[in-house]
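Please go over the structures that come below.
Paired with chain B in one complex and with chain C in the other, chain A is shared by the two complexes that follow.
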Partner chain A sequence: MSETGRIIGLHLGLLALLFALQFVLPAYHHGNLARIMVLASYAIGYNILFGYTGLLSLGHALFFAAGMYGLSLTIQHAGFTAAPALLTGLIVGAAVSAALALLALRTAGVAFMIVTLMFAQAGYLTILYFAEYTRGDEGFVIQAAQRVLWGFDLSQPTNRYFAAFILFATCLLVSLTLVRTPFGRTLIAIRENEERVRMLGYNTFAHKLAAMIISGTISASAGAAYGLLFGYAGASFASVQYSIFPLLWVLLGGAGTVLGPFVGTLFMFYLIDLSSGITTAYMLIAGVTLVVLTLFAPQGLVGELRRRVWRWLP
Partner chain B sequence: MTLLSTRGLTKTFAGLQAVTNVDFDLPKGEVRALIGPNGAGKTTLVGMICGRLAPTSGTVTFEDRVITDLPAHKRVQLGIAYTFQITSVFPRLSVRENVALAARRHIPKPDVQAAVDSALERVGLKNRIDEDAGNLSYGHQRLLEIAMGFVQQPRLLILDEPTQGLADSEIESFKALINDLRKVTTILLIEHNMSVVMELADRVTVLNFGELLAEGTPQQIHENAEVQAAYLGKG
Partner chain C sequence: MELGPYILLASLEGAVTAAVLALTAVGLSLVFGVMRVVNIAHGEFFMLGAVIAWYVAQSFGGHPALGFALALVVAPLFVGVIAVVADMTILKRIEYDPERTIVATIGLLYMIQQLTLMTYGPEARPVEAPFNQRIALPWFEFGDNGLEFYYPWGLSTTSYKLAVIGAAAAVLAGVWVLMTRSRAGLLMRATQADREMALAFGIPVERVYALVFGMGAGLAAFAAVLIVPIQQAHYLMGADPLLLSFIVVIIGGLGSLPGTVLAAVLIGLSDGIISVFFSPTLAKILATLLVGLVLVFRPQGLFGTRSA
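Showing the complex of A and B:
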């Protein structure tokens, strides 16, 4: 089989498996997997900037929250139905990521990390400040009646799983396509050696700007979907913790691999889920596992798989 | 016809004059060597020509257009290709992808593969095409760097110490490569290896302490007493 054939086969195979699983999984894991697919979409967005372009952002919670609040505030206060609210979430996410990109991309390295972190904290504080509308830390529930998209009630588990699946499949295929285009390959080259790319005649600033907008918009789509599918919006989703999560998921799964974000999210979710069933000190188990993985699979699970077995993995 | 010229080009780093008031003209089709002792300002001068460094004062003109304020990538798009003094390939990408990146910006998609193949054929790296560039020997990475330069079909190819670290046999094939390329492009060569300069250059420009010291044919430069004193050593 050709390389392209294998790549398409593997990714479509995963999607087919996830589609089929909804018919066999018990309710508990069914719900978990829907959540994992949404969070993995967030990680896919993060991976485009961090894994493929080499820009370490500590502020992606801002984009996730922009999508989530763009959707939920318009539902709550402007009386939007689900579809236009979802679109608003995406537009707000794209606008916020473009604005932050224009400012943050004037810096590089550690300064970039700090600038993104600070802006995300400013976003978090803004949500707390406008508690009258956002209900701050406590957050607010989006009623089941408001979570009907094109006639599908997304509070109902099967519909929710299917919606999460569609979101994840879209993000995965966008990511897969993107990194195989000349544009995506230029991003990878920027990650490897930006100065050289510039001296090959590419406008590296424009490439990084586009990468950050795509990354932020995908993250915002996950945030909006999270609000819509699970019916809740709260300031904790804008906190620094939610900027660190996608970094962890991507590092564990394999930065700069298309499947890494999903594998990392799945692994981390069930690691915490299973270890908390054994002991209340579950973070200890999670922590030790993470240390072991970082020591023995520094390129992440999918990254190691690519290094050792499947060199063709995108 | 003059392809490139600089007028009064000056660069100061924190009070240190790295390049002072350089007026430099490069006619189309020439192979020009730029020589000078270490620290003479050669890399700084070409850095200002290709846009990696902003000059403190002075102008750069390329094909009758003043490009002093253009960012580097725009100058490259106009046809100035620069190969780095310190090898700067993409080590974790394949040899093919390294050259394809250089080619893709201006060559239509269906023709990229053929351009990559022919560039690698020319530098003798065709059989290493699928290897990671980081696995190549230093000399081969230099050749890859040169392939990335000329696959852009530049109007001006700037090579910054291309033979540094090459074996004698590799230097011979480098000379043959430049003699091949001189038919299609103008070349500015920063070079320490005098046999390369004497054999390849149509004319030689000498920099010393950031200033233009002399200019002439390789023979004239070889016989120039000032150059001998500054560069080749007194005696």
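Showing the complex of A and C:
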């Protein structure tokens, strides 16, 4: 089989497996997997900027929250139905990521991390400040009646799973296509050596700007979908923790691999889920995992797999 | 109360904030300056200092001043040792790579926070101040009888708060002397200026790094012991000092000690005065935006000369 054939086969195979799983999984894991697919879409968005372009952002919660609040606030206060609210979430996410990109891309390295962190923190505090509309930390519930998209009631488990699946499949295929186009290849080149790419005549700023907007918009779509599927919006989704989670998932799964975000999210979710039966200290597990990863497997699970077995993995 | 005494009171409170902030931020700035890494777990070292101060004060009977004095020595040392161990087991092994250090120290942050929650618990606990006399402050007024002094109600401070300012100033002076006049300081400055060259001249760079990391954490812990009689020890108390220290270090110019102290005084005082007039959330929003914008448009900081 050719390399392209193998790549397409592997990814479509995963999607087919996820599609088939909904008929056999027990209710508890069925719900979990829907949540994992939405969060993995968030991680896929993060991976485009971090894994492929080499820009470590500590402020992606801002984009996730932009999508979530773009959707939920318009439903709650402007009386939008689900479809236009979802679109609003995406547009807000794209606008916020473009604005932050124009500012933050003037810096690099550690300064880039701190700038994204600071603006995300300002966004989080802004949500708290307008508690009259957002209800701050406590958040608000989106009623089941308002979560009907094109006639499908997304508070039903089957519809919810299917919606999460469509979101995840779209994000995965977009990400797979993107990294195989010349544009995606240029991003990887920027990650490896930005100076050289600039010397070869590419406009690296425009490429990074586009990567950040795509990454932010995918993250925002995950945020909007999370609000729509699980019916809740709260300020904690904009906190620093939610900027660090996708970093953790991507690092765990493998930065700069298409499947890494999903594998990392799945692994982390069940690690916490299983260990919370034994201890409540899931943050300790997250902390230890982060440190161990930076020490021993900077490539992540899928990254190690690519290094050792399947060298053709995208 | 009129506006004048109000502002005096706010700036006194601000001066206490500034003193503690200056210590914490100098610790962060030292680590950044010499080692070129950002320590996200710095706020947790601060928190550990406060928690250990509570343990020491609790387990030590007798006069509260003795327990407190002991905590002032034990907490920074203990936290310093933890930081040195973290440096040698984690940071050294990832070769002080700036980005991986940030990820690893985030992991460290989670670990310290969760371990504190599991052992110390979620309560906020006070430590008794060693001395705490209330000092009423006079205010003047031009009345019918010319200049008059009187004591407005509520305009007061405590001897302990003044002592905090004094202690912080003394320690900062000590750090300054250490950096500029001692051999250890010379080695640190040499490492800061050029790591490779320092190594070539036989300076034990790895030991200097471990020492600096421990010292930075120790300074944060010392600041926390000073503030704990005023603020109480809590396992989540590290977030605000971390954010504020970041702001101070960035505004003061990364790695510049005098700039850091100056910025701490500026931020501490204005924080005290601003929060009289605005809501604290709004003040924080403005401060975080300011830091972001300073980094974007003036990466060398307001007082610094070198870029990040």
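Of note:
Here is the rule we go by: the second predicted complex is superposed on the first by the 297 of 314 C-alpha atoms of A that agree within 3 Å, B and C clash if a C-alpha of one lies under 4 Å from a C-alpha of the other, contacts with A are read in each partner's own complex, and residues count from 1 in each chain.
Assume a residue touches a chain if its C-beta (ideal position, glycine included) is under 8 Å from a C-beta of that chain, and two chains touch if they have at least 3 such contacts.
What you see is a predicted model; the values in this text were computed from it and never measured.
Touch criterion not met for A:137: it reaches neither chain B nor chain C. Once the two complexes are laid over each other on the shared chain, residue contacts for A:197 go to chain B alone; chain C is not touched.
With both structures placed on the common chain, the touch criterion links A:188 to chain B but leaves chain C unconnected.
In the superposition on chain A, A:111 contacts chain C only, with no contact to chain B. Among chain B and chain C, the chain that touches a larger number of residues in chain A is C. Chain C makes touch with chain A in their complex at residues 38, 90, 93-94, 98-100, 102-104, 106-115, 117-118, 243, 246, 250, 279, 281-282, 284-285, 288-289, 291-293, 295-297, 299, 308. On the side of chain A, the complex with chain C involves touching residues 56, 58, 103-104, 106-107, 109-111, 113-115, 118-119, 121-122, 125-126, 128-129, 244, 247, 251, 281, 283-284, 286-291, 293-295, 298.
Of all residues in chain A, those touching chain B in their complex are 182, 185-186, 188-189, 192-193, 195-204.
Those residues of chain B that touch chain A in the shared complex are 50, 52, 71-73, 76-77, 82, 84, 88-93, 97, 100-102, 104-106, 109, 148, 152.
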